[in-house]
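Okay, so chain A shows up in both of these, paired with chain B first and chain C after.
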Partner chain A sequence: MGRSRAPDRTCTAAPLYSRKLGGRHLITNDWGHYAFLSQEELDRLRAGRLGPAESRFPELVDKGFIRERMDFKGLAGDFRTLNRFLWQGPTLHIFVTTLRCNHACLYCQSSAGRVVGHETDMSLETAKAAVDMVFAGPNRNIAIEFQGGEPLLNWPVVRFVVQYARKRNEAEKRSLFLSVVTNLSLMDEGKLEFLLDNEVSICTSLDGPAPLHDRNRVFHGGSSQETAVRWIKEIERRRLSEPPPRRRIFKTSALMTTTRFSLPAWREIVDTYLDAGFGGIFLRPLSPIGYAKKVWGTIGYGAEEYLDFYRRALDYILEINLRGRPFIERMAAVLAWKVLKRRDPNFVDCRSPCGASIGQVAYNFDGDIYTCDEGRMVAQQGDPIFRIGNVLRDSYDEIMASPATKGCCMASVLDSQPACSRCVYKPYCGLCPVYNYEAQGSLMGQLPRNMHCRVLKGVFDILFEKLDDRAAAEVIEGWLDSSRREVVK
Partner chain B sequence: MMWEIDEKKGEVSACLSGRVYTREAMALAARLLARRAEVFEEKGASGKVRITLRPRERKPTREALDALAGDFLCEALNQQCRLDTARHNGNVQKLLVTQALYAARRQAEAAGSQLSPERLKELSAEARKLMQEAAQEG
Partner chain C sequence: MFPNAYQGRVGFLGGTVAQIKVNEAERELAVTVASKECPAEDVRFAAYLYMDRADPLIEPTTGGLRVRLRYRAPVAAGRLREEGKAFVEELRQQRFQGELLARNGSLHEYVVRQALSGAGQAEPAEEGAEPELSAEEEKELDRLIAEVEELVEKEAKGKPKQAEDPLGIRATWEEAHGEK
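Let's turn to the complex of A and B:
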């Protein structure tokens, strides 16, 4: 790295975090660097006896682990790159265009199965005010994501927001990314052509093979899974057959929600994604937030059960890659992006402070604004604690100064958490105040007994274990060479 | 420390050392358990504080009282550790939060000023037109 070196005098350890993994010790620091050391190397580093003549010494100097040789300018640059979000403001803006849905998913809080009545539809006036609020923010990169309910049930508002946001951005000249999260059951030729013409990315839900998906995502109009897969393949056919540059068609992405029923089906779930032509999968754990909290006893699981599922699925995915087919596990890829590239992958769920308000904002159908979609889900169950304002009444500055914004920001700084402040994964990790509030009754939570913490710590353990294995590490490094949008949601 | 369980009264109490748990930590723990129990605090001997927990459920079992006492101590310890950590790292926390919130708000002023009022008015008129089209379609 070519960093300046002070003359040899002493070589004591700079502040570092450590954790024993397998037979070795993982060490990290606030600049985002890591190294594996043997017990003997760690002991000598801590005692100030790991000197310049040793083979590991230059690496440890370059990574900021030797106190007397720290290049503060370079290391501060590393910190800034890894935590770029601290200088940016919100990127992700979630529009809940309606709470109506034609599915009755086991884990969802929306008005399951109800498609009639428009009292939970976003109005055009509210939608315009929400778009204006989006552009009042400072971030040059904006992502607007339509969610619900099923957003296609309020198609006029989706269409208007796409057109108005594009029109407004002609003047604003920001990087504008639009996406719709849909179960695809209401997709038709007209809607698809409009979305493709306006370069709206399409994201759907795919929980696995039809029996599992249809059990999780109850749909009375036939097999939800078969409908989704049919459209996924149709969109992919058009993407591959259309010559650019008439329009840029994004590869369809999908979200997988892990319920108790998914745990034994790790291989079938990955195979379903492979068969549907996806380049990767996001093995997303379910959180007991909003409606899912009420049915946790039926569909939930413990951290250890999820981690066993995750490890088996990741091993299988790595095996597929080693056999020659590139296929990404997105959670590992996002975390590896932080660890290996020391760059912010724009993943709002894993930051310190978390992305609530300062990274993402959720606009409900009635114009109420929430710190995040999870905060909106809590309100849906009758507790508006994460509400930060309303698009028709409040200014952008007011929502950023709201008590919920400040509270989530303060509560989610890992340095202020006893269990996190000395954790080896602190440089890359984040906690969720909404999860803490729902599961443990306070924004700060109680991390040693927190499932979100146990899951993330377990996933980091598995990831670093793989990074310490040359063959697996090469596969994961290869994932980061893919385009950034492929890696990050 | 020994908790005294009184099944007849349906409550559990103990004397906690004021040197280990600050009143703030105990108050925060009590607040978090408020939905489950009433929490009473009395001055005890030699700087200790007597905490009594009375569950809101009727006729709690000995096991339930024991579990409640454990949860109170666990939370009091969590809060105390959090307060101690904040004393050491509070400045780092404030710096990060201030940076994140300041960036989001300060830069908003600059971003907002990039479009002239005339251009915003034109965009608003175009939005009205799009809204009419959408309403007709809907």
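Let's turn to the complex of A and C:
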């Protein structure tokens, strides 16, 4: 379509969602489009009095907001693009190679501090079966991520999985991405060379400046933060000095976890990432899942406290960008990717239905498979509700048809949630049944009282405010010029 | 029910009003609205959203519904009146959403179904301004929309009828329990 009707035609609103934001009205639709309208424009759209002669009309037509001018085929294509993960199967495969860890982080579930004993190490037989399960899925893009505990404590299995997966992929010819999430304290020259030679991306934890990081991430072998930063800089040195084609070294990435102690340190946290040479930061809120639930009173906070932290940090990051240094806030970038590109950035935590089983799968050391790593954490506290099978006993079809997979899918389809089905952010948002279960006692949860929902709604409010500001919007749009993986990781 | 309470009326839709009653001592707010102006489903949506701050109770009244919101935390003096007005605004919003869904449900479902069945592949956007539609094209467009709506309706009719509901499971709380 794309052609206008006669000016006297009555044009009414197509399916849309709306929310008052900063004196204007944000409208969105399930095809991924958005627009800001004045009160008067919204009133006239609602009353069917916004006509083709008006300046906003062509834009609203193009975006599918005018019922009489809906381009069915084009809008169906938009919906399909935005939700393409529905056809793909799991991408992210998390291997918990051991529960042992040499850190005792405040928020971690891994009964940390224990490095002796091997009863929670993944065996080679289990690891092989897990890799076979990965390749049993249909997705042409596969990411295997080693987690723990501290995965380097079970180095033989990490090494085996890397080699076996690469070998299998010679025949499969899929896009295979390998990464290890490590605190770097056990890194050495031999391990690093193996990881770099095999193009394994390295991701570490960096919670901020040393006093904060070391308070969150208790380590008895010195400063955890200084150790991590030393290795980050060493890997970066090699990346810059050994460009392809010799080998492709990925830029190290880092995960930051926000505890109560992080909230006043937003500026220092961002500065730490800048000083370490990172191109961005993911201001990740903490969730009361698994072990963190037990200590929530000490390290947790409310949605409003987090949003205040997030807004201050984001404003500072935008200021840094406006001064000429590109630096991404990844949560804003991921959501902006959906809003501005209307494409799925493959971010399994924020989609409908959520990524549980159908976007990501977690393989525990004993071969048990979970909907996600958060589901595995719940099991570690004694409740295996999110277990979907075992690599040694079940097939791919069986884990996809398990009650936990179905339950998570059903609970996380936003159309089935009363608070979400009419929400303006529904086209871009997602919920977490594991969070709901841990915080509110059911997979469905009760969204109006749900911190996960309030945080996401608040972050979307902030993001759309920024997108309505020309200077900030240009910075955020610039972030999307990076590759998807660069934005998401 | 509301001794020494504020009572007010706020214009709602089509010239009718929503009644607001406030009892600050009990931290309770009640908003009454006629069903013809705001269907029960939209009232439920609005009340549900207020669960972040209050415990809602929906009661039938003559020709309408009353939503009682008992706030869990203390509310500043005079604040409940503003909350009442905000709740009426939420009812308006939900009414609008409800109307949109009712009017566009079949079209929405059709597009989603096209996408899920793989029929709708993204196409590059057309460039430049387009001329107005001719009278024939206008008719054709109306015919297409009507065709889609008819198709969806026909399919819905073809579906097996829902089973009887001897236990009244599908009845709403208000239908099942009436006045408290």
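By definition in this document, the second predicted complex is superposed on the first by the 479 of 489 C-alpha atoms of A that agree within 3 Å, B and C clash if a C-alpha of one lies under 4 Å from a C-alpha of the other, contacts with A are read in each partner's own complex, and residues count from 1 in each chain.
What we mean here is this: a contact is a pair of C-beta atoms (placed from the backbone, for glycine too) under 8 Å apart; a residue touches a chain by one contact, two chains touch by 3 or more.
These figures come from a predicted structure and were not determined experimentally.
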{"item": "Partner chain(s) touched by A:124 [first = chain B, second = chain C, both, neither]", "value": "first"}
{"item": "Touched partner set for A:480, first chain B, second chain C, both or neither", "value": "neither"}
{"item": "Chain B versus chain C as contact partner of A:446, first or second or both or neither", "value": "both"}
{"item": "Contacts of A:171 with chain B and chain C, given as first, second, both or neither", "value": "first"}
{"item": "Touched partner set for A:77, first chain B, second chain C, both or neither", "value": "second"}
{"item": "Touched partner set for A:331, first chain B, second chain C, both or neither", "value": "neither"}
{"item": "Partner chain in contact with A:89 - chain B first, chain C second, else both or neither", "value": "first"}
{"item": "Touching partner for A:16 - first (chain B), second (chain C), both, neither", "value": "second"}
{"item": "Partner chain in contact with A:361 - chain B first, chain C second, else both or neither", "value": "neither"}
{"item": "Set of chain A residues, in rising order, touched by both chain B and chain C", "value": "86, 418, 446, 448-449"}
{"item": "Touching residues on chain B, where the partner in the complex is chain A", "value": "32, 35, 74-75, 78, 81-82, 84-86, 89-90, 92-93, 96-97, 99-101, 103-108, 110-112, 114-115, 119, 123, 126-127, 130-131, 133-135, 137-138"}
{"item": "Parts of chain C lying in touch with chain A, wherever the complex brings them together", "value": "44-45, 48-52, 93-94, 96-97, 100-101, 103-105, 107-108, 110-112, 114-116, 118-123, 125-126, 129-133, 137-138, 141-142, 145, 148"}
{"item": "In the complex with chain B, residue positions of chain A that touch it", "value": "85-90, 124-125, 128, 131, 135-138, 155-157, 159-160, 163-164, 167-168, 171-172, 352-353, 357-358, 396-397, 400-401, 405-406, 409-410, 413, 415-418, 421, 441-442, 444, 446, 448-449"}
{"item": "Chain A residues touching chain C - in the complex, by the definition given at the top", "value": "1-6, 9, 12-18, 30-31, 46, 52, 58, 62, 67-70, 72-81, 83, 86, 418-419, 422, 446, 448-449, 454"}
